[in-house]
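Scroll down for the structure; my scribbles are underneath it.
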Amino acid sequence: MIVYLVRRVGQSLFAIVAMAILVFVGVYAIGNPVDILINPEASQAEIAATTARLGLDKPLWEQFLVFAGNALQGDLGDSFVYGRPAVEIILDRLPATMELAFFALILSVGIGVPLGVIAGLKPDGIAGKSIMAGSILGFSLPNFWQGMILILVFAVLLGWLPAGGRGETVDVLGIRVSFLTWDGLRHLILPAINLALFKMSLIIRLARANTREVMLLDYVKFARAKGLSHRRVVMVHILKNIMIPVVTIIGLELGSMVAFAVVTETVFAWPGMGKLLIDSINLLDRPLIVAYLMMTVGIIVTINLVVDVCYSLLDPRVRLSEAKG
Amino acid sequence: DTLTVGLKSEPTAMDPQFHNLATNTQVLLNIFQGLTRQDAVQKIEPSLATEWEAVDDTTWRFTLRDGVKFHNGSDFTARDVIYTYCRVPLVQNSPSSYTIFTGGFADVTAEDDHTVIIKTAAKNPLLPVELSNLPIVSADALGAEETVTYAPGGECTGMGTVPQSGDFNDPKIAAGTGPYKLEEFTRGTQLTLARNEDYWGDKPDWESVVLRPITSNGPRVAALLAGDVMVIESPPIQDVERIEGAGFTIVDALSNRIIYLAMRQDTDDAPSIEGAEGNPLRDAKVREAISLAVNRDAIAERIMGGYAKPAGELLPPPMFGTSGRAVDGYDPNKAKELLADAGYPDGFSITLGTPNDRYINDEQVAQAVAQMLTRIGIKTSVDAVTASQFFSRRNNLEFPIYLAGWGASSGEMSSPLKSLVATYDKDAGMGVTNAGRYSNPDMDETLKEAMATIDDEKRAELLAEAETMVLDDYGIIPLHYEQTVWALAPGLTYEPRVDQYTLAYEVKKAE
Amino acid sequence: MTPIVEIDGVSKRFVTELDLAESTAKLLGARVEAQTVHAVDDVSLAIAPGEVVGLVGESGCGKSTLGRMVVGLLNPSDGAVRYRGKTYGELKGEAQRKARLKVQMVFQDPMSSLNPRLRVAELIGEAPRVHGIVPRREVKDYVADLLERVGLDPTTARRYPHQFSGGQRARIGIARALGVNPEVIVCDESVAALDVSIQAQILNLFMRLRADLGLTYLFISHDLGVVEHISDRIAVMYLGRIVELGEAEDVIRRPNHPYTQALVAEIPTLGTEKRTFAAIKGEIPSPLHPPPGCHFHPRCPHAFDRCRVERPALKDVGGRLSACHLNDDARRAA
Amino acid sequence: MSDAADPFVAGLEPEVAKPLSVQSPFARGVRDFFEDRLAIIGLVLFVAIAAVAIAAPWIVPQNPYDLAQLDIMDGGQPPGSESFMTGGTYWLGTDLQGRDMLSAIAYGLRISLLVAFVSLGCAITIGVVLGVAAAYFGGRVESVIMRVVDLQLSFPAILIALILLALFGRGIDKVIIALVIVQWAYYARTVRSSAMVERRKDYIDAARVLGLSHRRIMFRHLLPNCLPPLIVVATVQIAQAIALEATLSFLGVGVPITEPSLGLLIANGYDYLLSGRYWISVFPGVALVSTIIAINLVGDRLRDLLNPRLQR
Amino acid sequence: MTLLTVENLQTHFFTRDGVAKAVDGVSFTLERGEILGLVGESGSGKSVTGFSILGLVDEPGRVVGGRIVFDGTDLVAEPSAIEGLRGKRIAMIFQDPMMTLNPVLRIDTQMVETVLAHEKVSRKAALARARETLTAVGISSPDERLKSYPHQFSGGMRQRVAIAIALLHEPDLIIADEPTTALDVTIQAQILSEVQRLAADRGMSLIWITHDLAVVSALADRIAVMYAGRIVETGPTAGVIGAPHHPYTRGLIASVPHGKRHGEPLSQIDGMTPALTRLPEGCKFRPRCPRADAACTVEPPLAELSPARTVRCVHPHLSEKAAA
């Protein structure tokens, strides 16, 4: 576990440094944030003053060193736009994104795994075939297009669910969550479905392929030879085995869900950090972009860690060979 | 009863002195007020000051309104005004500081509790207009000392510890005099306002107001249609028909924003021009040809869905300083002739720069313009980029011709002239946005004279004169004035505003 | 006679070294260790030209590893493998290549040792062509010739491996090895995967080729019955070490080492009587943590104290080598 | 055993001479492929789409990017309406610029497929070389390559692409570069993991014993056997690449408006969806989705065929 | 007393390449307490025969004909009857010990669930039974072992666990499908001795499937030899090994190297095992048979040539002793 941790953290540090440099160079290349931030009526002198205040007049490497120095002390800088610590701004938005991602994850696993197993058990049946056909659709429709259609159908045409935004929230342990209120839940459903569909298809396929594979294995046949009921064979012997790859995928995909939330949040005006990223990119709010990346990497690392713990709970073989990371 | 409004952008802070940005202003005007304010057509009217006069060229006297209370219960006095103007340079990290308004204040003093004297360093006829942009904060709520004295450059005394923008999320600090009080600000989600029952003016219709940023157009419209919000600003114009069809009310008004084409005129080797010797755009005939080639009516009708007005000036008449000049007609044949006259019978190739997420249908308009220019022989390709890149690239003079817009926050002609066409001059702060580098010394003279003329009538005349000089020269080509649209749930009314602000307290229940 | 292949005190250790992350973790107190597998431990064996040496032992005892070192697929950690007196490392360039081609290998799994995407003609003909053993034009005939030699119809040259049965695939593998004119062939479990009836065919083929071409074999198998039949000498391995080495018939008739004795007892015999099975108790220890002293002592019925601490040397015991302390023991020596 | 004349001569079995069809694994795969109706539909659909994309300049009525051929007076026409300019029919309607949607879709397909396939080609090349090398040589080479791959994969593709493009600016070339950067690692990982399996198989050792060169073994022996999973991943990835490009364009950081891909067409039309001018967005969407579905159908079939564990 | 009668069993696989008649007319009987050795080359249908009895033939295979009568119940006619028998009265042990135990479940789970599948007893009682059985198959410290996962066991131990699972319900019949081929010689001997002891102690019937004649000859009471989906010869071990009637059996016995002079050519059966979808007409062994002639083009019946010996051959070796 420690090996794994060290490796992960090392990798992430590298990723973060690389990304930070990239963002620095990139934002520098795109243009001067002051050009968009400042009131157009401002004079050249005022523009220069603002530029100096944000530290943008210094050479790039110097800016980077200053940033790196502060970052080492845990200060990722103040947002150009909000004038407050970037981390604080992101933390404001974090719960919304995490809530969305988790909800989507639960949807995709809760629906994906059973469907996948059904399709895997009867690959040639009507149910199996239609599940697969459906999953191809889920797989093929680009995220934003799905979102668009969902809004069009459920919010505009049918009017069942709100079209966007986050509903009423309640404070739980100081974190704002919306799924506990009826209004919040209604707002959550469409974006969560949107975010979940792709992963759900992925999980369906994964579960199906693995079910088919596991079914052919001797130990499943042996379980049947032992006289176990079909139910027990499927629910225990097959399910537990296919959960191993599913959990791995969940680890990888929860991370990408957090990232893909960028699209969903844009389409559904969900006030999460993905939306914030897009806005920050548009405003060249460099500290926010860098902080977002660092925090996302942090989240992904954490998720992967949690997943690996689950993984070793599921797969005893991993526990023994953990020395190999 | 609660009013919910879908805004197209979110304020970046609750501090009215943090970010000089329309998005912030229109929201914060519910809570904070300036000494003056602009009405729906940007005419200045009294707000916290009941009257004012220019004592001499650089001295102004403002009489403050009696009996006004801040949301925290303290009385509004001259001290608050001085504190407010003092605080401007002390706001940290401001991405766009209000010092552009207060920088010219030489002194601010209180004659008595309800009279304020402002001395400016230079002549500034626009002072009352600019003060409308400077909402007054409560000296008490922000922890000022008993007496506050003004000194330029943030050297005031008696300021106490100055709260910063983040502190304004606390309603106790964000106490203004406006019709609404801040209740809660959840970044990214919503802003809740409660009616100020002690408001000095007309009580607004709504007990509380919820402002929700829905930055994407589609969801914003959908939210209106689905009944999640009651008012939205700037519905995409192509959706207006549908919204109206669904029984919603549409209100619209000409805005102070002009969409224009600017052309590079200072150099012979402008980038991205091919098939021509030198820079054809330096020739006024070519510029005239471009203006004549554009079918403004078609753009207004087809691309803007009727929600735009072909423009012949830099501000829609009859706003301050306009001349009533006619719109250039569409005449492709004459345009071709002019091109040939100028020595370009076969035209040339050029790249038209445009932002793609800044103005209404900006990219579409640019493409239509390109289409039309191509038709007269100027093969035009469109380089559309996001605003963040566009402005930097434009300011780096990367475009030989570009499409952009200008909204005159002061509501008068000096604003576009000073920024867009005055000769670029860093030290004088002139021509900041003049990325075509048009230069006309005569015009500059006239403009300068106008800007130092306190007398409104005289100033208006001078401004019109200066504008005509530029337009006769085709130094800049106005395309159209944007029209701002609001969509409201049935039973609501809103007086459309030239400045494009959505002011919640102005949304009324229809009789 | 000078040996054609000489295995001289060869050891092979597989070490999984710690990478950067693992070392860091170790500094932080994690229990990670570099792991060492002593796959082959100080083995010496000389093979005379034309000889067949059988190598038996249980799974994981290092037979394949030894075979791989002989053909040069692996480099010994210690000791040296010499072909005609020289290690591959001592030879340079062309000479080295030539020497290596002289020692070929036939693999266990007839399917996985044939590239499934190549036709038989290419499988067999590629190396001779690349090495210029036959001119490009004659490759076809050369392949046909080889196929015939191993008892396959030359018309099958255009087929793919999956279109053959197991026995035929084994023949293709043999033909491929023969293609580069080897002198020594290492047969690693070459008949283990085959049915009895087919196994006999292939064993016969091996014997015929030896007679025809004067080949030398290192014949690796876990089946003492097969090894006994084909080999001149037999080496018995246990956990990386050779425990007994001698003339084939001699070893089978009078096994010296307790392990060999157990193996011999299990040689499949076709009896008409039911028989009661009796076996050495215990499991084969892991080469990761071999027992000290004699590797066999935990399972040995005769083990005594010395076996637990001292590694028995391979000693001459009546015309053959055996590594067992019992040979020194007065009780046995008598 | 008097029956066998010469016990040394192994029989040339008569039934083996009986022709088992001499099919290459490839030919057999092709035959098997066509046994699935859905896969055939997918393939036909894809070929048709690719044909339209390739032949676009010659078969569509209008060059939608020649501004001289457009007229905003024809803008926003519904499907089936007539052109003011030419009198032709706009079968799928026009966008606001008066651009024939049918032509725009064909050109958009061209760009979408171009972007996807060029990036696929580059990414595969890079991924395959690095993946095979990692698996074949092992050791330091491998750990360096795989660390980079891990790094890359631990970062969501969309995020990398988004940041890269936000920084590079728009442009087909830039989109391709971004896609290559986010995709190569998938191929490297896939190739490496199957190469690791193949690497351990005896035929690689056999090739080494036969003295063949490293390059020959890597690319002639190892690589071809790693192709099946690679092909499967490639079909998945190409569908993803098309979708990703569309998404990026939708987010406003993809291809430039002068060369719109399907994604950009959809994004441009998105604003008109609610207004009833559905055709500007819906038809490109249908084209995009059909393309991706077609590729996925084919990929699905390949996956089933090429998965050795499910072969009977 | 006859425990199991298999009559003319036919199990076919309907593959893309045609119908593979993996089992095509297999008949044999098994007495209580008897050990039957089922031998044959790879692919001759031994495993499929075993699976057919247990009703575990997977798609695309199907039992298409014949009778399997277990203790009076015809399992082909009444397919549901097997549900109650499987694991309780008929148990099976598989070839590869690495694959038969579910890697993600602990040994106790896998054993207890087997007990509970057929008996309503408490978990504790089931666990006690598991412990007992593990001890019986020679696993020391069973308590500790029960809490382990399969990967913590060596191959031989896993196979013993599998045997223990098969023994849990003291079945009447155990079908052992090559349970020792994947093991090392010394370990194989351990398992064989274990099985032999248990079968004798408990009076169970055993079908021992293998391709290794030597093992069977030492273990089984009777031997059935399969070739290409058919039984070609059955009889008591001594008879079949000592005096094989069928040419194929003879060939098999002759090709075992043991007992031959060193280096002497082995006698071999020429040719290859035919593909099931492409079987020759008549006697399936005909193409490889040294005795084959025109008469062999008609499928010979399984005939009882001498008491308790049946052979499927037109030209059986009757009088000769086994070659050796």
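For this structure, a couple of remarks:
Letters A, B, C, D and E mark the chains in the order given here, with residues in each chain numbered from 1 onward.
Everything below uses one rule, namely that a contact is a pair of C-beta atoms (placed from the backbone, for glycine too) under 8 Å apart; a residue touches a chain by one contact, two chains touch by 3 or more.
Just so you know, these numbers come straight off a predicted model, no measurement behind them.
The set of chains touching subunit A and also touching subunit C is given as D, E. Path length between subunit B and subunit C in the touching-chain graph (shortest route): 2. Steps from subunit C to subunit D, taking the shortest chain of touch contacts, total 1. Most remote chain with respect to subunit B, judged by CA-atom centres, is E.
Distance from the subunit B centre to the subunit D centre is 48 Å, each centre being the mean of its Cα atoms. Distance from the subunit A centre to the subunit E centre is 53 Å, each centre being the mean of its Cα atoms. If each chain is reduced to the centroid of its CA atoms, subunit C and subunit E end up 32 Å from each other. Here the CA centre of subunit A is 25 Å from the CA centre of subunit D.
Looking at subunit E, one finds that residues 254, 265-268, 270, 272 touch two or more other chains. Within subunit A, contacts with two or more other chains are made by residues 30, 148, 156, 216, 266, 281.
Residues of subunit B in contact with at least two other chains: 218, 222, 225, 357, 386, 389.
Interface of subunit E with subunit C (complex): residues 41-42, 154, 156-157, 184-190, 192-193, 196, 211-215, 217-221, 237-238, 241-242, 251-260, 262-263, 265-270, 272-273.
Residues of subunit A touching subunit D in their complex: 8, 11-12, 14-15, 19, 22-23, 25-27, 29-30, 132-133, 136-137, 139-145, 148, 152, 156, 209, 212-213, 216, 252, 255-256, 258-260, 262-263, 266, 277-278, 281, 289, 293, 296-297, 300-301, 304. Of all residues in subunit B, those touching subunit A in their complex are 12-13, 18-21, 92-97, 99-100, 103, 164-166, 186-190, 212-216, 218-220, 222-223, 225-228, 357, 386-389, 391-393, 395-396, 406, 409-410, 415, 419, 426-427, 429, 432-433. Contact residues of subunit D toward subunit C in the complex are 7-12, 16-17, 20, 22-25, 143, 201-203, 205-212, 216, 221, 224-225. By the touch rule above, subunit C contacts subunit D in their complex via residues 19, 68, 71-73, 97, 100-101, 103-105, 107-109, 112-119, 126-127, 130-131, 151-153, 155-156, 158-160, 162-165, 168, 171, 173, 176-177, 179-180, 201, 204-205, 207-208.
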